[in-house]
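For reference, the structures are reproduced in the following blocks.
Next, two complexes with subunit A in common: one pairs it with subunit B, the other with subunit C.
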Partner chain A sequence: MSSIAGIRARRNELRVSLLRLLDTLSMPVLAIVLGFVGGALIIWMTSGSLETVFAAYAGMLGGAFLKTRGLSETFVAMTPYVFLGLGLAVGFKAGLFNIGAEGQFYIGAISAVWAGIVFTGLPTFIHLPLVILAGAVGGAIWAGIPALLKVRTGAHEVITTMMMNYIAFRLTEYLVSYPLRDAKSSAVQTLRVSPNAELWSLYQVPQRLQDPLNALFVALVLAFIGWTIAEWIFLRPKWVARWTRARRHALTVGIGLIVGLVTFFVLPPLTRAWWLVTDPYDRMHIGIVMALIAAVAVWRLMWKTTVGFEMRVVGANPDAAKYAGINSARTVIITMLISGGLAGIAGTIEVLGVSICRCLPLFFSSGYGFDSIAIALIAKNNPIGIVGAAFLFGAMRNGADLMELQSGVSKYVISLIQALVLLFVAAPAMVRWMLRMKAARDVETEQLTRGWGA
Partner chain B sequence: MTLLPKRHGARFGFRQLVNVAFGIFAAVLVYLVFNAIIGGQCDGQCVMGMLNQTIRYAAPVALAAYCGLMCERAAVINIGIEGMMLMGAMTAYGVNVYAFTAMKAGGMDATVAGEISRWLALMLAVASSGLLALLHGVVSIRFKTDQIISGTVINILAVGITGYFYRQYLAQDIPPGPGTFQPFDLPLLAQIPILGTIVFSGQKPIVYFMMMVTLLIHYVLFFTPWGLRTRAVGENPRAADTLGINVFRVRYINVLLGGLLAGFGGAWFTLEAVDVFNPMMTNGLGFIGLAAMIFGNWTPFGALTGALIFGLGNTVTTTLSFNRPDIPSQFPQMLPYVLTILVLTGFVGRAIPPAADGQPYEKQ
Partner chain C sequence: MTPALQATGITKRFPGVVANDRVDFDLQPGEIHGLLGENGAGKTTLMNILYGLYQPDEGTLALNGTPVQVTSPHDAIAQGIGMVHQHFMLVPPLTVTENIMLGQESLRPATRFLGPLAALDRRHAAQRIRELSHQYRLDVEPEAYVKDLPVGVQQRVEIVKALYRRAEILILDEPTAVLTPQEADELFVIMRELAKQGKSIVFITHKLREMFAVTDRISVMRGGKMIGTVTPQQATSEMLAEMMVGRKVILQVDKAPAQPGELVLRVEHLQTQDDRHVTTVHDVSFQVRAGEILGIAGVQGNGQRELVEALTGLRHIVGGNVTLLGHDITHARPRRITELGTGHVPEDRHKHGLVLSFPVRDNLVLCTYYQSPFARGVEIDDYAIRERAQKLVTEFDIRTPSITTPAGSLSGGNQQKVIVARELDRPVKLLIANQPTRGLDVGSIEFIHRRIVQARDQGAAVLLVSAELDEIMALADRIAVMYKGHILETLDANQATREQLGLLMAGVKGGTHV
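Right, the complex of A and B next:
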């Protein structure tokens, strides 16, 4: 009797949460579909033939998924989007619009290259984290300056971060063409970073793991992750009530140790026997794993920590934050540092894992930073959503080349589609009006930015 | 002494520090001007030339600032100016080249065709920018979207549209165009000694238009019923509504007018400055215009002053990189952006935006 009622209740709960999920997903999905329809209209109007529209979209799909290494290139393009989208989402949650992600991306890249060049002879397990840290710090400083100015003088971050973008472009250009330039190369580019600072391509993993130091490094990282996840699980009230603290710690540390030991002894021979990527031209790299970890970390930060809570309160209602005794100046600075740090890591990954010369060329145009605004908004600042939106944008970016080749439609059409998607996401009322839909029952509007006055 | 407010000047805080930095920066700028003048053996003629150039460079920034001014006086924040200008620049270039080619193919005299196509290009550039402004208006006024997000949408959309058309039609195999507008002197005004030479001679139409529009906006905003309504809507829309002012209509028209002004600013790039179009050629001038507007405390003459400072900075930059090739050009190129940040941090605390700025109006 009670079990049947329980099952019913649970099923009902499931149904409600599924419906809610559909409700949340419907707007972004509609916006994406409308964006593609709008793109099709524009291609149709400018080319005058429906075949071109189909050729273009078929080319985009083929380029993104079907061609050789298409899917892994999509993952490559998606990686910086995840980091940048997360960075922007952190800002939006705290009511800050970090329009300067592009500049922070550049500064992160150049800082990482600098750290990769000047330090030589360091083993991977020191150098790689160092380089990533350098990139993160570079991006964080670049975002920290506008944050400081906002807090101390009230200068609005939209204009200051935008200006910091242009300064970053020029500064990077200068550093690439003078102090860090590779004099031996005919192209204007920086020196190559030390091989130990490179981000591993996935096909290299078995070979890299031959070195016991590298294996130890990976084991330590995975052990740490295992321990963290165990801590999260066993810190739930259910377990806290059941076990003593010492026992809980013993368990979590034990799990971490086991993960580490298993990794250290099993992973190297396992990857030598079988590994999913063996193609040496495949550019997919461990950055994608880092991106997923970052998504989880940001989610924890925003929803499970005090700092994250303070950020959300400052973003949702600055007055309430003030009455609650939250130091909003400090929160603003922390938020921007995290946001910029994530953007900096994106730049680092792009330059250490993707660029063929493992260096920063002069014409390092990305556009990633501006696209990521749309990613964060489509995902409604939800880390899982960001991974999904980043995948979509990565696929479009990757598919654009083949599309241009096959249909003759300029690849800029993808930024048009992205802009339309952003427009529809930003103005759900407009989509509803266009499709003659009734307003949602509980329209939740989030204020994302603040005007000059606030 | 007691007449002074107590803490006046007594505290040396961060903003004072920034103002000192601004002062140092201004001193460096003056020194650089001096240096550039001396290095190039500059006489009075040449100084006047530089001031003339200052006004030329100030024009797009000023027009961007007026666009922001029109919108924000009616409480609509517009950070899409950059995109509107880019759109104007692209349209102006495309129309200029292709209309000229078409008219020449039709057997028209090249000079006449050039003149007609330039003015046509200007008009369509203004119209295209106005269309984007209208979109901004609809999204932020009718659908009440966050205005800063809406402006960002405009910027990204403009990059997409201009990039697409550039790649499709303007990147290669472009027919020869008629070139930019010709400079001319204003009759009578150019006869004024010194001032006439600096301000009223040797400029092209959009720069003169900018000067005229400064006076016009000042007059409209502060001396006409329309201006009063606009300001009322910007400060207290509810009260304005109670008095029978159509808040939405005032906002739409102001946003549209602002967009038209931004279109002139955009056309400046391809019809006056250079005879090519590049994606991203506006280089943040729209945002600098916003900074000039804030610097000028939301008044046209204040905004013009801000724009002139940037014009001077730009002139110095170009003169400097021309006379001193040994300095890496990237550093002078950073100056306008650093200047913008300093201006914002040093002055924005004292500037007061329209009270309802950025808030969508909900009719009751």
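Right, the complex of A and C next:
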């Protein structure tokens, strides 16, 4: 093929994908707008005054963004949503309706607490990854059991994950009340996790980085990320053609090293001189950074790896997957392990970064796991979309209290709005009809998830 | 003479396409009018307009000289237009009478006051069915259950259903697709009888031979336009094919005599079951050598699907064994069979062959995505996939807006080309093609046939399963006929005749029914 034709083909491809992107974006955005319009109508109808509507939405905005620590609390609330939404999206993509995220979240939390209590005296750079790993493994096991049952017996994961939820709740209650209970505390809660296993709040970062081991740890992580990104960039054919393999590797490793060294030597003094969080009561923690990294990682997993390809084929057409020689059973198990692992990390972060006692109290209600189903659906299982939807849900969760306080509108109105948004996302035909829009042509009909019987 | 049906200047636009562009069509009383065209030529749109499923954007319809509007299928039936769909609209557990009454139930007069609870008047309905059946020699038994009837008879039930609703005009949409050659001939006799008694028939098909066998006039559509109307006496196959495709078409597959080489596939006493655990393949044995095409002929549903699925690892084998190039693959997983050098063009391209929501480029590597150069370890190399996709799209003339277009929005022919391109892209030693050209247009059929012969000439063993006898006769070097899960006979393609194969397909061997 001549290079001009090649360029033209590339340009055409780019144009098509851009159009498709616009098309994919327009529906969720419209759904969100309509959801809020619907919410306004309901508030107006129940209160009878337009002022209440404005007061309610002003309160919600104020609570979510403007009040002291409003925005950072929104980020705090958004973090578990991102992990859970990603976990569910991975499942949905593979055609698995994992509604046990809430249970996996609990098991992740309790596993992390266990690992945070049992091991003592470990340095942060070992203990923190260990605790997160424990949380992920806990969640993964909890999701792995329904996966095994599905593969072995055909038991539908909707039923089994839901049942596993209740086991998780009761098991967590037992562990909190007896083996892991802090006997000295009047409240029923677990022992406090080792300070080295805590997730750093952003406020703590400068202080934590004073420990050279911690600085080294952060430097290593960033060096690894730098190296990975460099690998992605320099594997484009343009660069592959230009350089030998050895040269490319030298370059990418070099970039990673430089990132690491710069981080190690520059970051600690820099953060001491200037840091964006100076409020000691600000709860925003490094989990949000982890969430963003996880979103990119899940995106890579789904779209740039053979494992992700297999998951998507199994989800989109199980018969074709069998035809293509894909081991569906293995794919189902891997998918559920990843899905549960992400949910487990969400639970871990909630305990290690948010809970004030840095422990798991008996009454640890979240509802995060169920909200996340809506998040994954609104985002149409797209990792970037999940970050956006999680932000929206986090903001609403965070703004609800001030809304109730300022306008007298019950904070449960936000659930109503979320339900409306979900409804509009699930029924694009209805939105098109309401807005008198023409049906989109030639657009990939994204299957959110297969139904019960599938 | 006033035409029974006249369509003038019919135009129908769908977003982005003009499906019918000022189409004129007329049907004389007592005429069998053949409508020919590739997929997407606009035949179905035109018929759906006649049957009231669509409203034309422009143009008029007239029945017996009177302008009419057909607003719904219900309306079409009321105005005497009946349609027999390619896929039958029958309820298997009900009797013929019940099926025919469905939607137009006659009630016993004495119970009519009960409204919706009134008793059905099966006796009178059955009586009328018997009369119609006798009048048009349809040979339909009103008390029989539809599920017990062979496909050919079910089709006649559909025709009776239309006649029962006093249809004067019958539209038959690809009625021969599911029939053996003999059953098709029986259908033609019935069609002529109907025409003789004054019914007008629109006959849609893509088989040129049938056009000559039964029609009075032939109209050809291409790209939404009516290209022309000819009589069978004036027309030749080449001419019709050219009208259909818009260019010269080579109908005859050019192929040199086979040069069979080493033994590639050996199947011994194979036995397998369908999804309901009914044994549908009994004791099947055959061999395929490199450089030859073994055709498996037979009416659909005689175990071909289960046979192919068993050979490709998609179905559990109950008895017997399968050897591929000396490796026992009786219980091998699909991936191992693929890796040993098998290419498989599956029967159902939507179910197995493609992931419709995935872009063309991903579908082109559906079986090899994990191998070099498309992946290093678990990491997928998008650039390698894109490059290969672009190469295959050009090489196999896949008409697609871009390689990122979802496979589901391509036409059937191009979807099939995606599969064939993918399966022939690796060095195949055995190609298994099940119904590789079903529902495709002439141009795509020609292309895929050439590719199959080419694969043979490059030394692949080819197992071709098809219900289209023409296809088997054009391509195969040896022909095995499958009937009710058995291979009745294997013939040399040079010596086999259409009649002989047709009889075997109907289960008649050596003058006796098996």
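In this text, the second predicted complex is superposed on the first by the 424 of 454 C-alpha atoms of A that agree within 3 Å, B and C clash if a C-alpha of one lies under 4 Å from a C-alpha of the other, contacts with A are read in each partner's own complex, and residues count from 1 in each chain.
Throughout what follows, contacts are C-beta pairs under 8 Å (C-beta built on N, C-alpha and C of every residue); 3 or more make two chains touch, one makes a residue touch a chain.
Only a predicted model underlies this, so the values are computations on that prediction, with no experimental measurement involved.
By the touch criterion stated above, A:Val413 is placed in contact with subunit B alone, subunit C being left untouched.
Within the superposed three-chain model, A:Leu267 lies out of touch with both subunit B and subunit C [touch as defined at top]. Number of subunit A residues touched is higher for B, counting subunit B against subunit C.
Legend: residue contacts after superposition of the two complexes on their common chain; A:Cys357 is shown touching neither subunit B nor subunit C.
Of the two partner chains placed by superposition, only subunit B is touched by A:Tyr174; subunit C is not.
In the overlay built on the shared chain, the residue A:Val158 is in contact with subunit B alone; subunit C does not reach it. In the superposed pair of complexes, A:Phe370 makes contact with subunit B only, with no contact to subunit C.
Residues 447 of subunit A lie at the contact with subunit B in one complex and at the contact with subunit C in the other. Residues of subunit C touching subunit A in their complex: 15-16, 312-314, 333-336, 338, 344, 346, 351-359, 362, 366-367, 369-370, 375, 378-383, 390-391, 394, 401-406, 408-409. Subunit A meets subunit C in the complex at residues 1, 6, 9, 12-13, 16-17, 20, 235-237, 303-309, 312-313, 316-317, 319-320, 322-327, 438-439, 441-442, 444-447. Chain contact summary for the complex, subunit B toward subunit A: residues 14-15, 18, 77, 79, 138-139, 143-150, 152-153, 155-157, 159-161, 163-164, 166-168, 283-284, 287-288, 290-291, 294, 328, 330-331, 333-334, 337-338, 340-341, 344-346, 348-349, 353, 355, 357-359.
Per the touch definition, subunit A reaches subunit B in the complex via residues 42, 46, 97, 99, 149, 152-156, 158-160, 162-167, 170-171, 173-174, 177-178, 370, 373-374, 377, 409-413, 415-420, 422-423, 426-427, 429-430, 433, 447-453.
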